[in-house]
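These notes are about the structure you will find just below.
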């Protein structure tokens, strides 16, 4: 209800503020018998963590996850998996200058109004730090899913766009550069762009694309819990996301039915895939692919006028170490959320037949 | 779990197939004491119903809703509101020609694979007929919400786009033409386009935009149940939807933080509203606005090759009376789903403070 | 949330008041492929319906269920099963004498206070008429469960108690007499007791026992959703229920561990079964058995002092046709709720292993 | 779904095994603005902890709770409250003798069958150690509830029963003796009984009674989530519980309606309270009272025959430090679960009127 849980069967509940003692979560509903590769989990964490490259925030957070339960001798037992990640970087004084100030396009104002309380230490619960817990859970979901491949990558930074279908790309290349774009030429332009933006003390948005392969037919629960509706919710729940489209997306609205329909092959696969692997809200066995739009980070290193809690206009100056572009670090988060959705529907689909 | 319910507090559960006896639903969690205007409900139904104008399907369904419980002497009692809508048009023989055939880009194949059963009478549960129940529930949600205004309208049909901000438009005009576009000139073009497409035996997609005004600050539950995440899920759960964006959306990814940030006025309102009325997943009191992308209807009046359940290639010919463009009739559905989301969060927000 | 739904996977949502147009419900999550025996459903309805024998209320309600969706050619399709039962007997004038009066030990007062609305037509939503919907859903659950046998019977009426273990009884005999007690001698005493009580214009309580056989090992979800916790909730949600015990129950509290422990046989079955077929909240394959306590019906045919909505003392006289003892008609309700619980856990248990 | 969460709005999710690194939980949905008294929480923990007196297990567990989030400067912020309790006593070798053995009337067998995995370290997840997390959450719920008083006490140990109504007792006395019985004479007998039982290497069951005062009218959600149904589920979810009754309970089944009905006073209160403070599943403002039956602890210090995982008969000898009677330590657990139920319904009841 209160919004800190995701999933119906494979269910993640998270807790923690950016500057509290620790963040963490509970995964309830992970089936027993999944062999856990702890290194693989840490690898996913490293893809998200601050300070990993020259184009992301230079904060240092080791982001080491400690598992407290639910895994015995390296195998899940069917009981809830509790985990914590200590906050290395919880010096609250970094934030004293914004204690009574509402930062523009942040959640300071809305949280304060909603709860009548202000946790002024950084973003508190609204900080994207919380997404580290999603990556932990997503990594475990991936290990449950095994043969299902989930690959996200940066497809645009500002106006620099990849403009290629995922089929023309070697997605494995995404991890070979700091911006996580599988085309090395475009990646270089994106990296330059981000560096330039940072020099201005500014930030920039971007788009992440994601492809899911080897999904069995039958995932998704009509009518409200369509596979793409739940994927959309998952992505829109990530900090800074402003849009989601799958398959033909917004461009597909300009097509005619005769152009858009995916004709069948004899085996039930389709000749084209404008449907994006989903028909009637249920996976049809073709690749699922979608795009996620991220706005520019709100914290900029320029002076801005804003208000304090009494409505006084105050000038604020960005401080601290922030991402000039959220997209490179959000790639593993997109994958994690996709993994959670797919794992949940894999389990739900065991219930469709008597 | 099985996907036929929406909402956490103000909760709608629907049932029914396009060619079964009836469709209907239960609204559980509508608070007691809401005065019900039955005519207003029927008016919403009429905006969605087939046969309402020259550019929609010419099927005849009166779509009269009968309430069975939960309302006594015109006022909700706090008990569940059960309702049914009879299916006037349930002649199954219309569909005998597709009994064993999987129509391209329909849900026939995925439902059959998922459930191991085939209800071949039209779309069965996957038919958009089910959305009539959403309109009933949305109409009641609107009456609970009272002063919150929810207005959707057609903003593009194929390539014909409105290209105006909602602020430049008189949204009330949307109901003055068949395509529900508030700009009468563009509306005329859209209508011509749809007529031309229908003449080709083809279909076309489009975009619906929606604006919600007078939303109080504080709606939305971080972190997973952000207001826009739940709006996105709601919209993506509507038949034929391929994308969702709110506020600055996909275009906003090209902006810099210094351009995108919404500066505060002294009263907490903002000078610009690229945030789309939502910050950190919580409404900030500004207008909420978003776009929903609809693909072209899959049923076309042209011959198509497809397969039957045994994998044989068969030629199929569109039959029956279908919408050349789903967008005009989907406008009230978008509003209904938005109303359900807002009603749910209004109630949830009563729980945020001790 | 609002309490009109039961179950997590195999989920029943009900609606309807005793004197509204109809009652009904939606079963969401019944797997596809269950063959439905409609006569068997009606038979269960007949076991619950008013007027079935000399010792129950003489109201006439045919209680015919109409299915609206989810079943096609006699087989469940995996889509939600909507159903309605018309209220034959909805003459509101029967209740005009209690319009402003709060009947003692009824829900009139609490509903009015909670909702600020009064549906004075009989019990409204609080009437046990609602349980007819549970019997419909339970009957379908039984058909899904197939080989699992669920048998409830009357084990006491007032002070007349059966005082035998279910193992000494032929449970099939319960349906051979009006009070549904499998021991014909005790049944005769119970029937006399009920007739005598009715003559006094009074009512009497009783206990129903229930046995579930052939339950596989593994049903129940620790730690909060233990099998017996959910069974207990199911039973306590039935009108007039005041207590629940399973296995050794309240008497078992007087035993020592050395007496109470169930020693294993080599095959994992146990020599005794004080555990009542459940260990650690999970079924162990032995018979599950439990007792449910029902208070005497609150509506009596004697004059009682009570208050009206303004707090004035008024004398009220019982009117209408009510049950002198709820137990005989509650037997199928206990079975139905047990079936819903077991069906739900059968499905949930598909999710325990990777 | 997987059973490790309780509550719908004020929701506790727990994790942890008796011999893992730590146990803990997340409270999601605690409203913002509750002042937290940390000492009061620890006091509740101390009432449950091992080694607190001569008649409970002599294991040493400090049971210190560490809060990780959700509380800032001593006040809840509306964000999830994460907490952990380290397991001081996690030496797995204590349990090597039962690694392959299924202890009688424990959950070893059922967990192994359900999950296909065996966590042989003590009870693992099925251990009552998990209830420490419930006490943490219950303590916070109590602080949210403020003026609502929840008092549980031991009302029988084996055959030694209190046999007095709670109205004849000073409930505050319960905390003045080790067995938590408010009548000091009966308490002395209970303590002697437990000591004698322990000397035999045996265990004994008992009953806990609980009274909740100052509950407002209106708590409980018909029809399935009746207040007493949820209380019953809460209690039945506690380890070793075999039965639940409220108000007149099982004895009330022997009464006539004319004896059982609670006549109203002019202010809506009732002259008697056989209803136990609940009518139609909704609190009526009178005291709520109920009984909870606990079986004897299954671990006894006597030799027992049992089986190992291969079905071989083996003799096992109780080892370690266990409770001869669970009841004294379960008193705060009963209160905690009651507090969670009442807190949840307090919040839900904010939603009943428009």
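Going by the order they are written in, the chains are A, B, C and D; count residues from 1 in each one.
Note that in this section a residue touches a chain if its C-beta (ideal position, glycine included) is under 8 Å from a C-beta of that chain, and two chains touch if they have at least 3 such contacts.
Small disclaimer: the values here were computed from a predicted structure and weren't measured.
Asker: Which chain maximises the distance between its CA centroid and that of chain D?
Answerer: B
Asker: So which one's got more C-beta contacts, B-D or A-D?
Answerer: Most C-beta pairs in contact, of the two: A-D.
Asker: Cα centroid separation between chain A and chain D, in whole Å?
Answerer: Roughly 39 Å separates the two chain centres.
Asker: Measure off the straight-line distance from the CA centroid of chain C to the CA centroid of chain D, and report it in whole Å.
Answerer: Computed value for the inter-centroid distance: 26 Å.
Asker: For chain B versus chain D, what separation do you get between their C-alpha means, in angstrom?
Answerer: That gives a centre separation of 46 Å.
Asker: If a residue has to touch 2 or more other chains to count, which residues of chain C qualify?
Answerer: Chain C, residues with two or more chain partners: 1-5, 8-9, 14, 29, 32-33, 76, 78-79, 111, 114-116, 125, 222, 351-353.
Asker: Please output the residues of chain B touching chain D within their complex, sorted ascending.
Answerer: My answer: residues 1, 9, 29, 31-34, 76, 78-79, 144, 222, 347, 350-354.
Asker: Over in the complex, which chain A residues touch chain D? Could you list them?
Answerer: 1-5, 8-9, 11, 13-17, 20-26, 28-29, 32-33, 66-70, 72, 75-82, 84, 111, 114-117, 119, 121, 124-125
Asker: In the complex formed with chain B, which residues of chain A make contact?
Answerer: 1-6, 8-9, 14, 102, 104-107, 109-111, 113-116, 125-126, 130, 156, 158-159, 197, 200, 202-207, 217-218, 220-226, 228-230, 232-234, 236-237, 242-250, 252-268, 270, 274-276, 279-284, 291, 293-300, 302, 304-307, 311-313, 348-349, 351-353
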